[in-house]
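Reading through the structure tokens given below for one structure.
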Amino acid sequence: MKRSSHRLAALLILVFGSAACSSPGDNTEAANIIKFTDDLGRVVELSKRPERIISLAPNITEIVFFLGSGEKLIGVTSYCDWPPQAREIPRVGDFSHPSIERIVELSPDLVLTTSHEQDRWIGKLFSLGIPVYSVYPHDCEALLNSMENLLGLLGDTPAGLDSIRIMAEKLAKLGKTFHLEGNERPGVFIEISKSPLMTAGSSSFVSDLIERAGGRNIASGLPRDYCVINAERVIKSDPDIVFLFHGLSKKEELSRRIGWGSIGAVKKGRVYDDIDPDIVLRPGPRAVLGIKEIGERLREGN
Amino acid sequence: MSEALRTEGVCFSYDSKQVVESMDLNVTRGEIVGVIGKNGSGKTTLLRLIAGWLKPGAGEVSLFGRSLDGMNSNGRAKALALLSQSAEFTMDTSVFELVLLGRAPYLGRFQEPERADLEMVRWAMEMTDTRAFSLKPVSSLSAGERQRVMISRVLAQGTPILLLDEPTSYLDIAHQRMVMDNIAWLRKERGTTVLLVSHDVNLTSHYTDRVLLMADGRKVAWGPGLEVLTKNNLKDTYGVDLVIEERQGKKIILEWEDGETRVPWDQ
Amino acid sequence: MKEIEEAGFSRTRSVRQLSAFFLLLVGVTILSLYTGPAGSELEIITKVRLPRILLGVIVGGTLAMSGAVFQGILRNPLADPYILGTSTGGALGAIIGLLIFSGSKMVSSIFIPLLAFAGSFLTTFLVYLLSRRGGRVPRETLLLSGVIIGTLFGAVIMFLMTWAEKELHEILYVLMGFLGIIWTGETVTTVVTVTVMVAAGSAIIYYHSRDLNLLSLGEEQAFSLGVDVERTKIILFFSASLITGAVVSVSGLIGFVGLIVPHIIRMALGSDNRVLIPASFLAGSSLLVVADTVARSVFLQEIPVGVVTAIFGAPFFIYLLRRERGPG
């Protein structure tokens, strides 16, 4: 997917809300204006390449480092712990409650946010004249596009482009390695939380990883990224594999859950609690590792 | 034991204000005693102290020679019944069921009422002429009807002592007479002892054997109505000049004297 | 005819009425067992549904019965466990537990209910202390203190929520009321403990039902009829608060059940607490089982049951209010 560099005849768009007609990838670079459309369809305008960047989500931090611009990060959230260098960067709050004061204090050129959950902060930042760009990919394909766009915004570098290309190749290779036909795919239950019992629907990133690793998300009918699910549905769908992506339950616990003993995954002991949730829940460069980990476990039974 | 009720040196204060002070009272069995005084003179408080609802700061209340303090709640409920000044009840129930509550001291918690209890309730309602709305919800009654129902409830309790706080409120003359005649009947037929607080001095004068005149929580006068209800006593208590006559052996107030009208702002 | 109705409390009639409600509960339970997202085939579904329904029975019954008790003590038809701050205190305890134990696994299932229980107990105690006037607990101050403390703790909960990150969803479900807990050995122990507490509390409350009747005449009058007013009020108040706290610790905040069910029973069977209290329990159980069946079956994603009771409860309550006002 290439960045198209045609000029738009539009006037300077001063208000960042006029998103509707743009799609990610409609970008412009003119003499002093850099205009990009982010993942949520908003048009972001900068007068120069950003040198001082704040990331408001851990996956975005990982992506920025991955693209080689880690040293431009001047502020991150308290959950940003990867790569290890990220831990040295000053904190501006957490995912749900970034500190606007801290952000302003650091005078960034660009703030990177993720999903619509963070929208309310965006209004405040606009009104303070700080550009905001959202990165929100739903699956690996979209992740690659997002990274390309973001790299374009930050300034294409050979190293960055290489990283993306290599990742794309790895994803393709893994896809082939773990590919399975429809009826061979094991049913997978993704447990995001225990109380309430929550899973990831098919629009979520982790669901895409499962699919690429050869699995079939039993919760694919559910409408949102993360949903509360009734235990009955899980038991009825009789998954072959269960992944616990939260720290609160050990795999042994599942056999102690009343009614869960009849699930294929529990009977055969194919419950996995040893994948680091961050690798699979954060849409970012480690997705490759995530697919590999998931895929290996999916294959164990055979 | 001819003594029904006695208070000795009973005191009660509230918010560092002395509401009843060193009250000595002695009521014999079958006596009807009236308690009168200005608003705030401690009449209702006295009744509550005798009922045991308030605990005296000093002094003692005895019923039939036994200390009230030492009585258990069931014994007390069978000894005296209290009619409060303001009827407040929120249970949306029929008149019959409400009066039946008066039998509670005689019934176990989940015991069904016996024939004798039901008879008592019917009798109590006949006495106050409320049998006609026995099955109506209490909330649908007028203030006067409700007052009579509350009196029935007290009657149904069948106690030898009755403490009545303004029993004739809201009642028309016919019903006022009816209630007071009930009281007189009870005294005559059952030897019931009655202590009644009233604003109606004439009623008190006519129906009571002795009158307690209270002011500032203290006993101002105590004795037969003829002696207590004098022009001077009443002027001291109420601050009003009254025209009083004696008829049929009882004092009766005819009217208040024309005098200078005291209008506070007319200086 | 007049003779029959002028008969007062009748044990046979009460048993008949209560049996009707019991049958209703049984019927609702059976229907609910066969309703749910996974259909009705597997026996294993009954392993998942039956515990959930039993939980609904205990929680719904307790909330309705507590509502009846509070309305009786306070002689205020708008009283229920929430207004008095009890449930909010329980929820606060649960939420504090969630935040403290968010890392650990098994410990939380024991400590969170304990903390919730402690929360509601302390709240009740605080409200009681605040409303005492010279050795008595006047109902106006009780109501007022309950509202104030409830609001205060609600604010604390909101504040704590700004700190929560991973636990937000769980906290939200505590605040909205949720019966779909995952049952493990520890959960069973917790629920059994709660059930025992509810049974003990209910027995105490039921024993005092006639006292509640007498209290409706006014405290002085009840006293003159032999009720130990202060002691009875305290026993009833604490018992109702404690059983409410116990169930809030497993189900979160569920509203309107304690408010509406006693009203409906009163309209149907009258105000004698000796019938009202047990009937409220049975009707409250049935209601919550129905509400929970709706909550888990209607949409793909589960709705918290507190949302269902609010959506149906609020308009129904408005309807009740208008009805009462109409003829009067």
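A, B and C label the chains in the order they appear, each numbered from 1.
By definition in this document, a contact is a pair of C-beta atoms (placed from the backbone, for glycine too) under 8 Å apart; a residue touches a chain by one contact, two chains touch by 3 or more.
Because the structure is a prediction, the values reported are computed rather than measured.
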For this session: Would you identify the chain whose C-alpha centroid lies closest to the centroid of all protein C-alpha atoms displayed?
Result: C
Exercise. Based on the averaged CA atom positions, which chain is farthest from chain B?
Worked result: A
Seminar exercise, completed: For the pair chain A and chain B, the C-alpha centroid-to-centroid distance in angstrom is 81
Exercise. Hey, how far is the Cα centre of chain A from the one of chain C, in Å?
Worked result: 42
For this session: Quick one: report the Å distance separating chain B from chain C, using the average Cα coordinate of each chain.
Result: 42
Problem set entry | Residue numbers on chain A that touch chain C, as the complex places them | 79, 94-97, 193-198, 221-224, 227-233, 235-236, 247-250, 253, 256-259, 262
For this session: Give every residue of chain B touching chain C within the complex, in rising order.
Result: 14, 48, 51-53, 73-74, 76-78, 80-82, 84, 86-94, 96-98, 100-102, 104-105, 109-113, 117-118, 121-122, 134-135, 139, 153, 157, 163
Seminar exercise, completed: Per the touch rule, the chain C residues reaching chain A in their complex are 36-39, 42, 44-45, 47-49, 51, 103, 105, 108, 162, 165, 168-170, 173, 178, 180-185, 188, 296, 300-302
Exercise. Inside the complex, what are the residues of chain C that reach chain B?
Worked result: 2, 5-11, 75, 77, 134, 207, 209-210, 213-214, 216-218, 220-221, 223-228, 266, 270-272, 274, 328
